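Read the structure below first, then the notes.
Letters A, B, C and D mark the chains in the order given here, with residues in each chain numbered from 1 onward.
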Amino acid sequence: MLDKNGIAKRIAKEIKDGFYVNLGIGIPTLVANYIPDGINIVLQSENGLLGMGAFPFEGEEDPDLINAGKQTITTLPGSAYFDSAMSFGMIRSQKIDLTILGAMEVSENGDIANWKIPGKMVKGMGGAMDLVASAKNIIVAMQHVNKLGESKLLQKCTLPLTGINCIKKIVTELAVLDVLPGGGFKLLERAPGVSVAYIKQSTLGKLFAEDDVPEMFLD
Amino acid sequence: MLDKNGIAKRIAKEIKDGFYVNLGIGIPTLVANYIPDGINIVLQSENGLLGMGAFPFEGEEDPDLINAGKQTITTLPGSAYFDSAMSFGMIRSQKIDLTILGAMEVSENGDIANWKIPGKMVKGMGGAMDLVASAKNIIVAMQHVNKLGESKLLQKCTLPLTGINCIKKIVTELAVLDVLPGGGFKLLERAPGVSVAYIKQSTLGKLFAEDDVPEMFLD
Amino acid sequence: MINKVVKGAVEAIEDIKDGDTLMLGGFGLCGIPENLIAALVKKGVKQLTCISNNAGIDDFGIGLMLRKHQVKKMIASYVGENAEFERQLLSGELEVELIPQGTLATRCMAAGYGMPAIFTPAGVGTEVAEGKESRNFNGKEYLMEYAFDADFALIKAWKGDTAGNLIFRATSRNFNPIMAMAGKITIAEVEELVEVGELDPDHVHTPGVYVHRVFEGVNYEKRIEQRTVIKKS
Amino acid sequence: MINKVVKGAVEAIEDIKDGDTLMLGGFGLCGIPENLIAALVKKGVKQLTCISNNAGIDDFGIGLMLRKHQVKKMIASYVGENAEFERQLLSGELEVELIPQGTLATRCMAAGYGMPAIFTPAGVGTEVAEGKESRNFNGKEYLMEYAFDADFALIKAWKGDTAGNLIFRATSRNFNPIMAMAGKITIAEVEELVEVGELDPDHVHTPGVYVHRVFEGVNYEKRIEQRTVIKKS
């Protein structure tokens, strides 16, 4: 079973040289720590930056320089600033190669819910609806099951949707899965020490799994 | 009867302090020479400039700095450059207070034709259709009659249209006229030495003229 | 050039009245018009509709206006970093319309570019699409969203000149330039006001034509919402 | 950062083929991609559809491509400063679609911003409106115009860095940034190519994400179409 850093590490392997990438808040942010050597990518922050770098050193933080999570950050040489309209313009026109974001639920036809829990205070969708509706390539980083052990990979989402038919790949603490074009989750890899049977029992949506699904390779 | 400079001079009187103005090619360009002292305006050139100045001194022309007529120009302190989308964005959103342009024909309901003569080589509408469709305030600088003495202020345009119901004021070599909201030309001023009768006979569209139309005051 | 300078925030907002619709620039607390918000709080104008990506925190940004019950309706993409906001929302005092961030940005842009409506795929198939016209282009579904119609845009720039030309700094640019284009009346506060000719016309982000009033703000606090740093070793 | 540098114009256009649709930046002869046009002429690729505000003059700009009969269709707002253009048009060799300049610009922008269509009042009631969907918003009529779909955008900037970030100079900006955003593949020639870190990220007009290939052009002629000057007295 993977921890958060393990999920981030596995997702990092999906990133190809030359990618422009948008990382959501939470586990996706951790992915930046595991980009392999020799892979050059550019991180977009949808509040208006391409070329996001690490957090600043203490005392060097700049209130005018934050990421979409409102955290102080730095930039790398070759970065560029732009306004919010251009930022979502480049997202809609699919100039961003890969979007990585968290989810509360994903359905077997690629719907995602990650912004609202009825009865709880609603904070808003931020840029998530734009990202999922536009991205050509989305990877979801999420927990396979909730704290009660209930599956979050469903036949149909129960929470209000963020987007429909948009998720193609999911990395959880248990597995790597594709969402098949015709519907259903395809089990690609098992987390170390996790059995296919356990993944099956943790997945409520339709799951396609061979008997000999490989264990994922992380280093 | 006015010459081209006279028409430009008369139009210049319509310009108010604080106006952003777009000047078309031909007579409208001359208007810039007659802006009264104490009136601060900013000229927009739709190829991407606010704050257009005079022509450059010989030897100081810059190939990267032209106006919409492709002439070398200069800028004034406080100018700004922008791309063509923003340029027509500000035209459509009516940030430009006044547009002055030439016309081949204007009709009594404010239609204008100024871009195409069937049978002749068509050069294109450039920015004229955008300007006439969007401007909140358009003044047309034109000849009242053509070389054969035929009126160019018509009941209905005979040439392909540039825009409809958009012209509100016309200055010709003979007169200043408003286009009335309900249709028809309203004679406001006569050019020096020109009679109301002569203007009536030179106007094919419906003309409303009092008997004592004042002569225009130019200086 | 046309001079757009006003004395300060109080004069700048003189004609903002109860019930007006305001756009406020900024992302979180980054690039917000601190002086204009302070003046609005002081003036006590009420029943405002505020269009802004966020609603500030309890004791800064739009949060200051919420505390004085000046906001009737909030149009934003992400809120709730603010206990008073939540309280007013749950009590029914405050109306909130949540819209996708890109839709928010593009509806500002639409107003600035004189486009009455735009098409975006954001929200298709979700509750955001309810009651909206949708349309298929090349096999993909889009929602039609309308340009905003705001009485005033209140924005913050880094430098500005007396003609209203503005330059923004780093990610404090965010919604400011597109709201500047979208307001019927646009009021800009700047950290440094300079004479015309001091800004390079190639570097201007917002041409002065969009700005009706400009002034140099005072006492910028520029509060940081999430101070994330690496310790120097 | 991602390196976008290619050796020169010849390498940059290697995969442009007969029948492709190209956007070419520039207004008149100002800000045109001189090196890329020269390479296209040398390569002799044919049956091109060219989207550009103008069509050059007889011996410069797109005129050079017309002379070699490389252009099948021209989409522009203003043409005819070019005798060969007129000859080919009248003989039926060349197809021309004239569209309002703002519509041309906004259809580029629409492609760059991922908006399938936009609304503009330009051309309502004229022959430009023929066959187009029109729609009334708030009492005003608008035409629906579609985003361009171009295989390549060929543009010219003043400075660029190896990551493809671009800065334009004066009115040579014109259509270049919006075409840069709109091309499926965008190729930029620059007067000066610099290392990453040398351009101020606040001054970048076109972020490198839009640029697929960049190179430093040579022998810029920058011809002036209308040399209008005041004699020094």
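The rule is simple: a residue touches a chain if its C-beta (ideal position, glycine included) is under 8 Å from a C-beta of that chain, and two chains touch if they have at least 3 such contacts.
All values reported here derive from a predicted model rather than from experimental measurement.
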Quick one: which chains contact chain B and chain C both?
D
Path length in the contact graph (chain A to chain B, fewest steps):
2
Name the chain pair with more contacting C-beta pairs, choosing from A-D and B-D.
B-D
Just grab the chain with the largest centre-to-centre distance to chain D, centres being mean Cα coordinates.
A
Separation of chain A from chain D, taking each centre as the mean of its C-alpha atoms, in whole Å:
36
Here the gap between chain A and chain C, centre to centre from mean Cα coordinates and rounded to Å, is 29
Once you find the CA centre of chain C and the CA centre of chain D, what distance in Å lies between them?
33
Give the residues of chain C that touch two or more other chains, as numbers and ranges in rising order.
106, 109, 113-115, 120, 168-170, 173, 201-202
Contacts with two or more other chains, residues of chain A listed in rising order:
75, 81-82, 85, 89, 91-92, 134
Where do chains touch, given as pairs?
A-C, A-D, B-C, B-D, C-D
Looking at the complex, which residues from chain C come into contact with chain A?
27-31, 53, 76-81, 86, 89-90, 98-106, 108-109, 120-128, 158, 168-178, 205, 222-232
Could you list, by residue number, the parts of chain B that touch chain D in their complex?
45-49, 54-73, 75, 81-85, 87-89, 91-92, 111, 121-130, 133-134, 160-165
Taking the touch rule as given, give the residues of chain C at its contact with chain B in the complex, in rising order.
1-3, 111-115, 161-163, 165, 181, 195-197, 199, 201-202, 204, 207-210
Can you list the chain B residues touching chain C in their complex?
18, 20, 40-42, 44, 50-51, 75-82, 85-86, 89-96, 134
Sites on chain D touched by chain C in the complex
106, 109, 113-120, 137-138, 140, 142, 167-170, 173, 201-203
